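Here the chain labels run A, B, C and D in written order, and each chain numbers its own residues starting at 1.
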């Protein structure tokens, strides 16, 4: 057990730190083109798609290096690269399951963000039970005719392409009849509507597909292999966010401490209030534990372990922590924590919240409610942990009983 | 001993529910969220006609001389509707004037409030995150028969629509609560944008604002305002929590995943059971406190602090869990759940936060 | 809504308070005979079996009066009456379901504690799933032959009689084949062994029945009606413990405050430590809410409402509170809270804990772990609340699936 | 960067597990619970022979010169076995002597500890519920070349079997840590009976107890002891929690209710999942802290406080939930679960409770 960075990793960190300090944009990026340009700058410097094999334009970096780069990015408060889903998992899906033509056609433009990608998985009626999805893909000879509705499509409004799960065979068991396609978002029959969240912003979209086309050549894997493909844990972008996430929490903690110095209670700064101190100490401990746990996961990845079901522990841990964390921030800050506009300069958050958006404490508080729902709710994670990590017997469930 | 509502109280509750279900639907709430003023003059007039504004005010002021339990019943329903309205702050200020004010103050303000002609509020916070009289920095200085108030009050509910603001201030080292007309020179109001657009707050700056020397209530009014404000806020939070619970249970009955309603999964049903427990306990806490204050029971002040601190935590948990039960849809703006979630959250730090009330409890029970 | 006591109830309270002040034993009751004598004194004064109909030796008291008497008992720190199960629910079961002969034979001696009773329901393999019990009662003409094992039998070692659930018909569905008997504990073939708990004490027993007899005349209700009888909410002893329980918590709170005055931290009494104050304020609020909720339940009972499934809310609420409560006490008291012998006088609990036993903070802390398990665990209570109070759909369960 | 155990470390863990599974079964633990002394001389000698007692001591003292990670590994296993033993207090005191002591002190105590000939402990608390140097009231007074110690130390782990006790005391206003032989005149030890008979504590009264003037360590030893004690306690609590988790999961797999294993009910499986999360996080916290202190990382002291406060809460939750998963049987004396539940609980207030360590954290990170 040795938690020191290796000399190579330390050198890499120093280099990344210096690069981000020099290059991070001074002004807020407003347009898509500005963000694309920044993405491209990072890509050219080797900080995007780091884990991709070199033959596909990546640098085959270790999980540790990916984590370091992401961490330095968070430390410098740098805007995130765009096309995150494309780089993070759609590209890798194509690398693993795609044809040579698909790789040729799509991969490089994902890395450069020349083409933007989104994910077309969730549907209004299939939340935790994704396999119950209803979007149909009917075989029409040279293409599939796609009809259905998707939801929670991040970046759908700026996407050129999407990775689509659709039911190609309604006649077989629900997990078997699903196929996976690369899907042109810029065609007639695709309508993208913004989906406003309780934060007031619209990071997501609804996507309506009416007699749209998925080309035969854009089928990923075999027909009916979609569910299996969607379940694969993908291998290239692993360590990425683990440390950066905690760095963002820590940055919010610093702002919280600043605010606690400026706001008074009983004639003294909040920071001198023992009850506030007890809360700060508690939440800081929890935050540090997230960091240690992230290091531990990273260490396993570094040794080539597959995160597998254990990643459910990580997801459960940080998303539940994040919810408690921002609740506690608002508890400490009282009404100051609820101001979204017109408040005192010194009590606003004004750093990247975990969503990567500059905003208020209230925004971070609201956004944290999503973490325990998306990408498998906490309930689903606990099921997975119980069944696949602890080996507890499967629950008796209607769909299983029906099958039996 | 009877903890249930009397038939009159139940009637009041039912009619309030019916009125708000009809006239303050979520769509109306959303319109008011987008409204610069944030509340509806028409609704206010209707509340006056329904007798809600004068509910706890004397009959000679046009009120019904009912008590805090009835007020809490209405407040619970207003919370349940997430109704954007200066009801709580107005009724609170009016009750203080009724209890502590001079005949002139009463006749100036009480009929106006009961009739829907005036809105009121109370300015309990300053820059410090504190509700103790010790934290008052606003000064009241005598200037030729008048008093000039100077200071800044923070997070004053609905100050931008108030006709009268109760302002705690120090004259020398003596605190009192001044009855300030919002239109007086030297009073300026800066609205803030916050998490819940249905609970408007503003900063009130008093720059030598002039009030008549006799336009004040004794310092006792401070504790009165904090206690009754606490119970009123608890009632609204209770209403919001009950609504969230109802929505979560209904959703859990119909939403299917893996071939069965999600309410048949223990994770969801147990969460709903815990939510019910919190809601029922919050009901007991809120109405016990309302009754205790109204009836002059010796533990009235204690019960108010118990209610505010308990219901703050409980309603945050219940409303948050309701989002979790709903999953993604509960996180969308179009779904109504967040109206109630935000309402409960907005009331947490008003009229004393849980921490403040816990300290008040300990002062009473562990001396 | 009016929470004042009626003039009659106030008069009753004053009378009870005076009586207990005058009569509560000064010395600790050590032997069973001393406790029986105290029970008899209370019975003669009208404070035992208060809710029983007068024709059976009770006084037909209202739930409020029962609550008041129990509360005054707690306030005076009076030893509890013995034969609690007999008076609390076995007697009422006989009154409702028993034959005239059974009533004649058993009831009065329950009230006077001349005969002690225990409950023979739980078995090692049927915890939450009581209906799966395996103790057999075979029809042998004039009697039933009883074989099996019971557990969690409170007072089994001093009981003369027990109320027994046993399977009289193994051939029918599990809820249908159970019968209910009055069972002689003083016969050959009955062995009672103490069951030591994690507290170190043995309030419970295991009972082994080997070729024991249950007389035909001692069958309660019809053959096969046992489950139904066991599920009946019984009607006479309702308000009883609701307020008394909180009074005992409050008495522990006073001791906690005393200790917090005497123990110092940072040169000041704990009671002046704002973090301790915040905890005390929090737990006191929760305790008061238990009191308000108890009053609400009592008010409903007083009006003749049947508590039904809603009593699951009460059970869940107080048992979970009690666990948090004593955890917090130990958190505040640190190592002082863990001393069971030889500690400082001023930091011991030394009042009735909720189990009714004089003891240490550590004992109360450990005992509180039982509350969320016995009489239907918290998980079972939540199931009941979800299904019967909230009307949520039934869970898919193996025994139901198997049946269908 | 490697968070996993080296093969040597893994070997140590495996062999410790095997030894304790064989020699410190629950039945042995129960015997020691009933033993007046509470620990076993034979076991102590075996620990010495296995090299456990000298694990972190220098080779010239008969030790293995390993570090805090290895010590934590053993402590986790000892906690997992709920082994009643003065291991933690002895090793802690010895490490302090090794770090801060004079050559004479080292040669007097370290070989004795490593060889199993001496037990040691540290007296960090007095009457106040505090672990700050400011709370020391015990006085050290010079008397003709010797020092006389007077004061009362509370809750001193295993003081009744200790040969040497590290005693913080004030000389004038200067704190130092005195190395007191338990057999010295003026030292008396009164054992207490507590929740966990596997963690013995006692009151140590110093009534002018004489020690040589040079028999002391500098005040820095205080923080050293608190930090390393905190990590050691965290490791034991982690072991206890892991054992409870394992037992709960095994039980949930085999215990059937309503025709199915209880582990197939979400209420139970989700509880087990939450327990695993807490255990894994506790593992990360404990070993990060052990590594950080051992390697002199700048956040070592911080990490120790993080570990103690986090693992205290986590282990209490995990061990308590394990009882709940078991239901009635988990509440019986005969079932072994309570051995671990009580062990974890007993360590909560030793070497600084969670509240104290949280305050230390804030001092470090929010100045």
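The rule we apply is simple: a contact is a pair of C-beta atoms (placed from the backbone, for glycine too) under 8 Å apart; a residue touches a chain by one contact, two chains touch by 3 or more.
As the structure is a prediction and not an experimental result, all values here were calculated from the model.
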From the centre of chain A, which chain's CA centre is farthest? C
Which pair, B-C or C-D, has more C-beta contacts? B-C
Averaging C-alpha coordinates per chain, one finds the centres of chain A and chain B separated by a number of Å equal to 39
Between chain A and chain C, what is the separation of their C-alpha centroids in Å? 51
Hunt down the residues of chain A that sit against at least two other chains at once, touch-wise. 274-275, 278, 379, 382, 396-398
Which residues of chain B are in contact with two or more other chains? 260, 264-268, 270, 354-355
So in the complex, the part of chain B that touches chain A is made up of which residues? 125, 127-130, 132, 134-135, 154-155, 190-196, 201, 257-260, 264-265, 267-268, 316, 320, 323-324, 327-334, 337-338, 341-342, 345-346, 348-350, 353-355
Chain A-touching residues of chain D, taken from the complex the two chains share: 1-6, 9, 69, 249, 252-253, 260-261, 263-266, 268-270, 272-274, 276-277, 280-281, 283-285, 287-288, 291-292, 295, 297, 302-303, 305-306, 309-310, 354-355, 357-362, 365-366
Would you mind writing out the residues of chain A in touch with chain D in their complex? 1-6, 9, 64, 253, 257, 260, 271, 274, 277-278, 280-282, 284-286, 288-289, 292-293, 295-296, 298-300, 302-303, 313, 316-317, 379, 381-383, 385-387, 389-396
Which part of chain A faces chain B closely enough to touch in the complex? 122, 124, 126-129, 132, 151-152, 195-198, 200, 263-267, 270, 275, 323, 327, 330-331, 333-343, 362, 365-366, 369-370, 372-374, 377-379, 382, 397-399, 402
Taking the complex as given, what residues does chain A use to touch chain C? 273-275, 278, 396-398, 401
